[in-house]
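Structure first, commentary second.
Chain IDs A, B, C and D follow the sequence of writing; residue 1 opens each chain.
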Amino acid sequence: MSDRPYPTSLGTSDATSIHLLGQDLAADLMGTVGFGELSFWLVAGRRPSSGEVRVLEAVLVALADHGFTPTAIAARLTYLSAPDSLQGALAAGLLGGGSRFLGVTEDAGRFLADALATIDGPQPTDDAGWDAVALGLVQRTRAAGGLVPGLGHPVHKVEDPRTPRLIAIAEEEGLRGPHLRLYEAVGRMHEQVLGRRLPLNGAGVSGAALADLGLPVEMLRGFALLARAAGLLGQLAEEHRRPVARDIYDDVEHRARYVPFDDTDGG
Amino acid sequence: MSDRPYPTSLGTSDATSIHLLGQDLAADLMGTVGFGELSFWLVAGRRPSSGEVRVLEAVLVALADHGFTPTAIAARLTYLSAPDSLQGALAAGLLGGGSRFLGVTEDAGRFLADALATIDGPQPTDDAGWDAVALGLVQRTRAAGGLVPGLGHPVHKVEDPRTPRLIAIAEEEGLRGPHLRLYEAVGRMHEQVLGRRLPLNGAGVSGAALADLGLPVEMLRGFALLARAAGLLGQLAEEHRRPVARDIYDDVEHRARYVPFDDTDGG
Amino acid sequence: MSDRPYPTSLGTSDATSIHLLGQDLAADLMGTVGFGELSFWLVAGRRPSSGEVRVLEAVLVALADHGFTPTAIAARLTYLSAPDSLQGALAAGLLGGGSRFLGVTEDAGRFLADALATIDGPQPTDDAGWDAVALGLVQRTRAAGGLVPGLGHPVHKVEDPRTPRLIAIAEEEGLRGPHLRLYEAVGRMHEQVLGRRLPLNGAGVSGAALADLGLPVEMLRGFALLARAAGLLGQLAEEHRRPVARDIYDDVEHRARYVPFDDTDGG
Amino acid sequence: MSDRPYPTSLGTSDATSIHLLGQDLAADLMGTVGFGELSFWLVAGRRPSSGEVRVLEAVLVALADHGFTPTAIAARLTYLSAPDSLQGALAAGLLGGGSRFLGVTEDAGRFLADALATIDGPQPTDDAGWDAVALGLVQRTRAAGGLVPGLGHPVHKVEDPRTPRLIAIAEEEGLRGPHLRLYEAVGRMHEQVLGRRLPLNGAGVSGAALADLGLPVEMLRGFALLARAAGLLGQLAEEHRRPVARDIYDDVEHRARYVPFDDTDGG
């Protein structure tokens, strides 16, 4: 028992070779397989088609950076405090990839996958069919006091420009599957139930597109984090080149105002 | 002063559009620009050529995963403890990206860039010229009590298979520049000084290749971390699918043996 | 709007003084207030009594370290990889403070607080009264498919020695309040419902004791993390003095066995 | 070899008992040993005297919180983004505990310990003797292009109020040892060399005081991090009770101004 092996399908090596996913890393992967392609393969255990790579990379590009988000600010402030530890600044930024912002990608994928699992019999074949499923789904979600993940956006109140673009790319690649179709139907039908029209945001539609690629829903947040890792790298390179974190810190500290602990008017 | 702006060249958005690097994210980047390509652009501020993308992605593929490394084990154990927080497990893994393992990529790039900066006059044009530069560099490094970053590997004692492959890819793309040439010369000449032959490892040659792409040396560790983020995603997906962290934990704990604090024989 | 202040009751300073919680840090806190005492004050906004400090510190001592836990191993492995970044190793360890292990303290506190909030009328005044409440609580929890947080322990199958000790300390200090009394009753009554006797573990009883101090349940996990920070400091000091992470890494890697991705017998 | 034990002096347990540092956790530590006291013991391997505990806790209190520092802001922004993961917010804050701010405690301790190690023969016995050592030390440091760690403070330009207080506490406890005496002498003599008078800041004098307690210099940053963990807990509790991170985020984002990548006037 104490000598039981630890099985893995990922990296293994010996004195003369390195294997990854059962492939020869140097001979078969380097220079041949793209980085987005490899990240898909690592998670899904199969090499994606070129169309799948294009959809995945469109998602990664869509989610990489959105300017001075909480995660970007946290990463920059951490880099200011500990410039010798780039990994710490990157990690601090990624730690904001939780339920409220980056989690939407996973939440939307899971919401749609769960809904698809409840369909009795074959899935719809036309928009009218999907609309009926979506109507019931939004009604049930609302009745249970829940929210549709990825519906609405604080800035893009009418339309998130990433949404139609990602759907178009999936369509071009023949990968506009049931998760995207159901999500689009939610986009058409929710107004009937909720009484106002909200856009499907880019993080949510990204989750639908990734789920249509067959990626496991438990890992969808991981792809949002991978995308954000590249964005944070850009933020940290910019912070190195043209720093603003010191100004942000000074500006925030300058506005600190002491209030007694129990002063409920303070905020 | 209190209203000073925070300049950025990265993500900006308004109600109807999202821009990144001055480009329209949806119209001009999604579906058009690859993920590795974008990560280069975010850091370097210019769109890379297709050859540069190929070299960068070969590096990212080379560094993505090496099996049960300390970072992979730390990520899996963290996922075991806090499965609700994928970002925490990923961050824990990346935090091992410091001086000892992942730092080699940056250290090698910096070592070579510093050496190139000290060359008086034009750079060598043939191997003999690079060999002379390398010989002096290894001698000076040794005299100062330093080590050449990326020289030697605990497993690949004769040759790291990634090294010739990456050099070949750079050559194919016309990107085998002075950092790589000097590093190759170090690989040829160090035995004269150190008295034994060591391989140039893949992390070190990756740093040389990235420096030849014109990426800032301060960010080379960042690309190693980005590569590792994809690898850790694979590790965490595998941990979800076929867990081993509980076994690792049990096995380690099972071997704990109490020794008094001052027992110097204990280890 | 752009100049709105950020209110705070914590640290503020000017050229000649530093204040914390409205107190003069140097004159009134340093040398006068203990560290555990301050951590209570920072969260609760009031200085605790000496009895409250004793209970809190007993909890912090109880939760500080449990040997080679997943968090300790992750911290040690991260320190091995990035010895220049002690903060990264500590952070990696704390990131395991999630739902499965350290979260129990918070979960138990919340579970009990929620149950107490549902009691109609006055709380019981004797054990028989608490037993009746506990019986209903365990029955409802089981009927809903839930688990009682902190019931059972993988090692201490009969009794966790921290549990009676912490209850005794709270009793000595007059701080054995409704959360502890209800939890003790759960310890007596669950066998009737679940059909087997399980011990209340130390992490759960710690949550009950902290909740009885009036600390907000949202922050109970935070005290477990603070306790663990001290324990991890001990682990990292030991790793520096008498390293084992390299052996752990070697032993784990040595047992890696490649299996194809779809090999369902692999684990 | 594959079954070699992992030695430890910290936590061990079996079915009926839990030991820590060779003590019975429940019977001998809980309720008896304070939290600061335990953290000293965990690192130093010996139970501190009550005077040592008082100095250590004064340091921990001194370093716990300084308002809206970069680490506090990073922790609050991370909590805003991922409120379900308190450990992630705490870790993000601690990751700023690097070279620039929190590192001063360790740097000062190491600087003084190194200087003391170079004294030939017995250490000075009066201020004049220490002044002579300090003068040489500051001269050598300056000649080597270095800085004295902990000399100067951005806000407390004349005196950091923590400094005389901590020295007084150490004196009261009979623990004003060579590190503090040498640091005080540096405070008196640097003006002769540097041409201007700077205060010894609280982080630096904390390092001197901890080194005088015999704590290993490699772990001094760890105590600064432990102190900060309590402070961050206070910050996160306040963020939960009276949030400001959303305002900070909005204010920062509102001031973002796009500039082209190569616009060197941008900052």
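By our rule, contacts are C-beta pairs under 8 Å (C-beta built on N, C-alpha and C of every residue); 3 or more make two chains touch, one makes a residue touch a chain.
All values derive from a computational prediction rather than experimental measurement.
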* **Taking each chain's C-alpha mean as its centre, the one farthest from chain D** => A
* Asked: At the interface of chain C with chain D, does the proportion of residue numbers present on both copies reach over half, so same, or stay under half, so different?
  -> same
* Would you kindly tell me how far, in whole Å, the mean C-alpha position of chain C lies from that of chain A? => 31
* Indicate the whole-number Å distance between the mean C-alpha point of chain C and the mean C-alpha point of chain D. => 24
* **Approximate Å spacing (C-alpha centroids) for the pair chain A, chain D** => 37
* So which bits of chain D are touching at least two other chains? -> 2-4, 6-9, 12, 67-68, 82, 84-85, 87-88, 91-92, 95-98, 102, 242, 244, 248, 251-252, 256, 266-267
* Structure fact -> Note: in the complex, chain D contacts chain C through residues 2, 4, 6-18, 20, 24-27, 29-31, 33-36, 38-39, 42-43, 54, 56-58, 60-62, 64-68, 85-88, 90-92, 94-98, 102, 155-162, 164-166, 168-169, 172, 202, 216, 218-219, 221-223, 225-227, 229-231, 233-238, 240-242, 244, 247-248, 251, 254
* **Complex contact set, residues of chain A against chain D** => 2-3, 67-71, 73-74, 77-78, 80-85, 88-89, 91-92, 95-103, 242-245, 248-249, 251-253, 256, 266-267
* Which of the residues in chain D come into contact with chain B in the complex? -> 3-9, 12, 19, 21-22, 45-46, 82, 84-85, 87-88, 91, 95, 252, 255-263, 266-267
